[in-house]
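Quick notes on the structure that follows.
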Amino acid sequence: MKDKVYKLIELTGTSTTSIEDAVEKAINRAHKTVKNLSWFEMVETRGNIAKGKIDHWQVTIKVGFSVEA
Amino acid sequence: MKDKVYKLIELTGTSTTSIEDAVEKAINRAHKTVKNLSWFEMVETRGNIAKGKIDHWQVTIKVGFSVEA
Amino acid sequence: MKDKVYKLIELTGTSTTSIEDAVEKAINRAHKTVKNLSWFEMVETRGNIAKGKIDHWQVTIKVGFSVEA
Amino acid sequence: MKDKVYKLIELTGTSTTSIEDAVEKAINRAHKTVKNLSWFEMVETRGNIAKGKIDHWQVTIKVGFSVEA
Amino acid sequence: MKDKVYKLIELTGTSTTSIEDAVEKAINRAHKTVKNLSWFEMVETRGNIAKGKIDHWQVTIKVGFSVEA
Amino acid sequence: MKDKVYKLIELTGTSTTSIEDAVEKAINRAHKTVKNLSWFEMVETRGNIAKGKIDHWQVTIKVGFSVEA
Amino acid sequence: MKDKVYKLIELTGTSTTSIEDAVEKAINRAHKTVKNLSWFEMVETRGNIAKGKIDHWQVTIKVGFSVEA
Amino acid sequence: MKDKVYKLIELTGTSTTSIEDAVEKAINRAHKTVKNLSWFEMVETRGNIAKGKIDHWQVTIKVGFSVEA
Amino acid sequence: MKDKVYKLIELTGTSTTSIEDAVEKAINRAHKTVKNLSWFEMVETRGNIAKGKIDHWQVTIKVGFSVEA
Amino acid sequence: MKDKVYKLIELTGTSTTSIEDAVEKAINRAHKTVKNLSWFEMVETRGNIAKGKIDHWQVTIKVGFSVEA
Amino acid sequence: MKDKVYKLIELTGTSTTSIEDAVEKAINRAHKTVKNLSWFEMVETRGNIAKGKIDHWQVTIKVGFSVEA
Amino acid sequence: MKDKVYKLIELTGTSTTSIEDAVEKAINRAHKTVKNLSWFEMVETRGNIAKGKIDHWQVTIKVGFSVEA
């Protein structure tokens, strides 16, 4: 097997419900463009607040995928 | 519009159920004192354990809100 | 009361469902070997992806427990 | 002279013009409430963008001031 | 409103005059390709020196923009 | 028991004698205003020097205390 | 000379032989798509293990290249 | 001389008196199990507070010791 | 397949020849005790010097391996 | 061309006017002693405050210069 | 008053007795060469162990002093 | 034996061949000026690229050596 090379892209997913959902939304979006997503790493979790409630979770991740040699 | 200034305070919310719930508890508490909360950032996630089970999630966040000029 | 000493071990729990579940799985496993687990700290959250879906959440934690003097 | 104790507060100043102006705005605002500000440390520099232009610089600082013993 | 997903790209802007100008140059360039830039974060500030003078400020930023779902 | 929320404040204690004394001075001062201090974390240790001797230790800590829900 | 703007991309190169080889593999791959690569910075070095032997070195780098103004 | 391999373990020592004493307590405890301790590195200093006084210093260290090849 | 749990241990490998060799020595040693090593991450690279020459490379890694549930 | 070696020194420049001016003052001073300064990296930005105004910006940089082999 | 420039040097002081003593030893030594030492910052605390006892505390500090313009 | 004090200097070694070679070049150079070099720590690894090939590895290290009391 050839030595692979991976590219990492950084995305912020948002969700009104949970951290996991925000990560999944980012990965779903990336999957529309890149088919062979391989792993992710969480970088930062933030959110905006409206009227004392969390409006959106904002979770920044790096997503890695193999690029053809 | 005038250039705004924001203050950040640091809080640790606790919850027996989830990370999200701990963050919400911290924001709910802050909202009792400060009405115009604007955003938060997660700083640290810890927890205490009792009898091999997670007793409380302890999530430290910074919360930002606009202060009048 | 004597001054206690604690040991910290580092574990990566995995889960197909959530970050909290991955942490709990790691703590459950540690509890099989060490009975007096006291606290944990989250270190890193990653995951692997299969067919554009999160396959497993991989959450690395440090777990602390008292060691007898 | 007695050993002093200082408190640090965290503020985000914003400005349409420069990083320095954002820091000064935060310090001006703090000075309205606290008279003996002593030093600051820059923590983070961000900004929002509108139509391809920087709309506001957002500079987060810690400001320290002596508290009476 | 749908939950948005944002992409972050990393750029180094350079300028002979100031940090702010280097950031603006990077954002101007990004705006040629991506129309809906939303925010930036400063990552690192460096520069090269020639004959004891700053030749170019080199400021690395992350720029975030919404990607269509 | 209700899920508690804690607030963290940041203080710099100073002392001519030791790191521990600087931390204690900061905690003593905080205790004048807030009665239920719960824990602290050291953030940074600095000091100023006069005539080749340490004049004051300057130790920055975060102090956490429970806030009523 | 105009003030240049650079883009940074993040790649993970892999190699069965050495850290340097993993970095070179990532740069070779990037060079197929982008001709004017200018510099790189190492971000992280990991690897997978099989039967007690290092199977692949996995080295994550950022690579910078000039983008036309 | 053969190339040595060292293991690092992480411990939190506690003390009512000083940071140094907390470190020594952790090392004393480790020495009961492992005879050839070689070095330590301080990782974190925290403490709990009772009635406005430091109750226990909690100092986390890594301790390294040679393991037989 | 059950959700796995992994343990991470920290080791410092030393070598007179190269960084890679120091990492391999640490992994070889770990493999004597733990058969199912899965991955490693480099934490720190140091070395001691004798007579102006590198005497030993000292590379600290974390090694992860699956623990039975 | 021979492989060069560079030395980095750390300086704090101060200025009543701007961050850029503080960096330039540090570089100007270094240039009096070392002629072949090559690059700098900003490490930290702080400042002291007098009567609610920034008295001096204090910017710490590392400056690199080639040393003859 | 002219805008001052400061130089920072990094030193590791050692002591058989305490962290404070190790810092003082480093500052005493620096004072032999440089008369106008102004401040220090602690960077790292380590130590070596012999027969289960701390042999030497090793405390690395940065020391800043004004350089003539 | 007296308590020693060490000085740390920061150097960037460069090499067309390997990371290890870049570190050795930096140490060789330091040894020309300072005879009792004791240890080093790697700080950062970068490099410049020419025509899609690594031109020079640039490895920044801190080197420590004992200074006479």
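For clarity, chains are labelled A, B, C, D, E, F, G, H, I, J, K and L in written order, and residue numbers in each chain start from 1.
Here, a contact is a pair of C-beta atoms (placed from the backbone, for glycine too) under 8 Å apart; a residue touches a chain by one contact, two chains touch by 3 or more.
Treat the numbers as computed from the prediction; the structure is a model and nothing was measured.
Looking for a copy of the K-L interface in A-E, E-J or D-E, one arrives at A-E, which has over half of the same contact pairs by residue number.
Each chain gets a centre from the mean of its Cα atoms; for subunit G and subunit L, those two points are 23 Å apart.
If you average the Cα atoms of subunit B and of subunit K, the two centres end up 38 Å apart.
Between the Cα centres of subunit A and subunit D there is a gap of 32 Å. Shared contact sites, meaning residues of subunit J that touch two or more other chains, fall at 9-10, 19.
Under the contact rule defined at the top, the touching pairs of chains are A-B, A-C, A-E, A-G, B-C, B-D, B-F, C-H, C-I, D-E, D-F, D-J, E-G, E-J, F-H, F-K, G-I, G-L, H-I, H-K, I-L, J-K, J-L, K-L.
Of all residues in subunit A, only 18-20, 23-24, 27-28, 30-31, 35, 37-42, 63 touch subunit C in the complex they form. Of all residues in subunit L, those touching subunit G in their complex are 18-19, 44-49, 52-54, 57. Contacts from subunit H toward subunit C in the complex involve residues 9-16, 21-22, 25-26, 29, 56, 60. By the touch criterion given at the top, residues 3-10, 62, 64, 67, 69 of subunit J touch subunit L in their complex.
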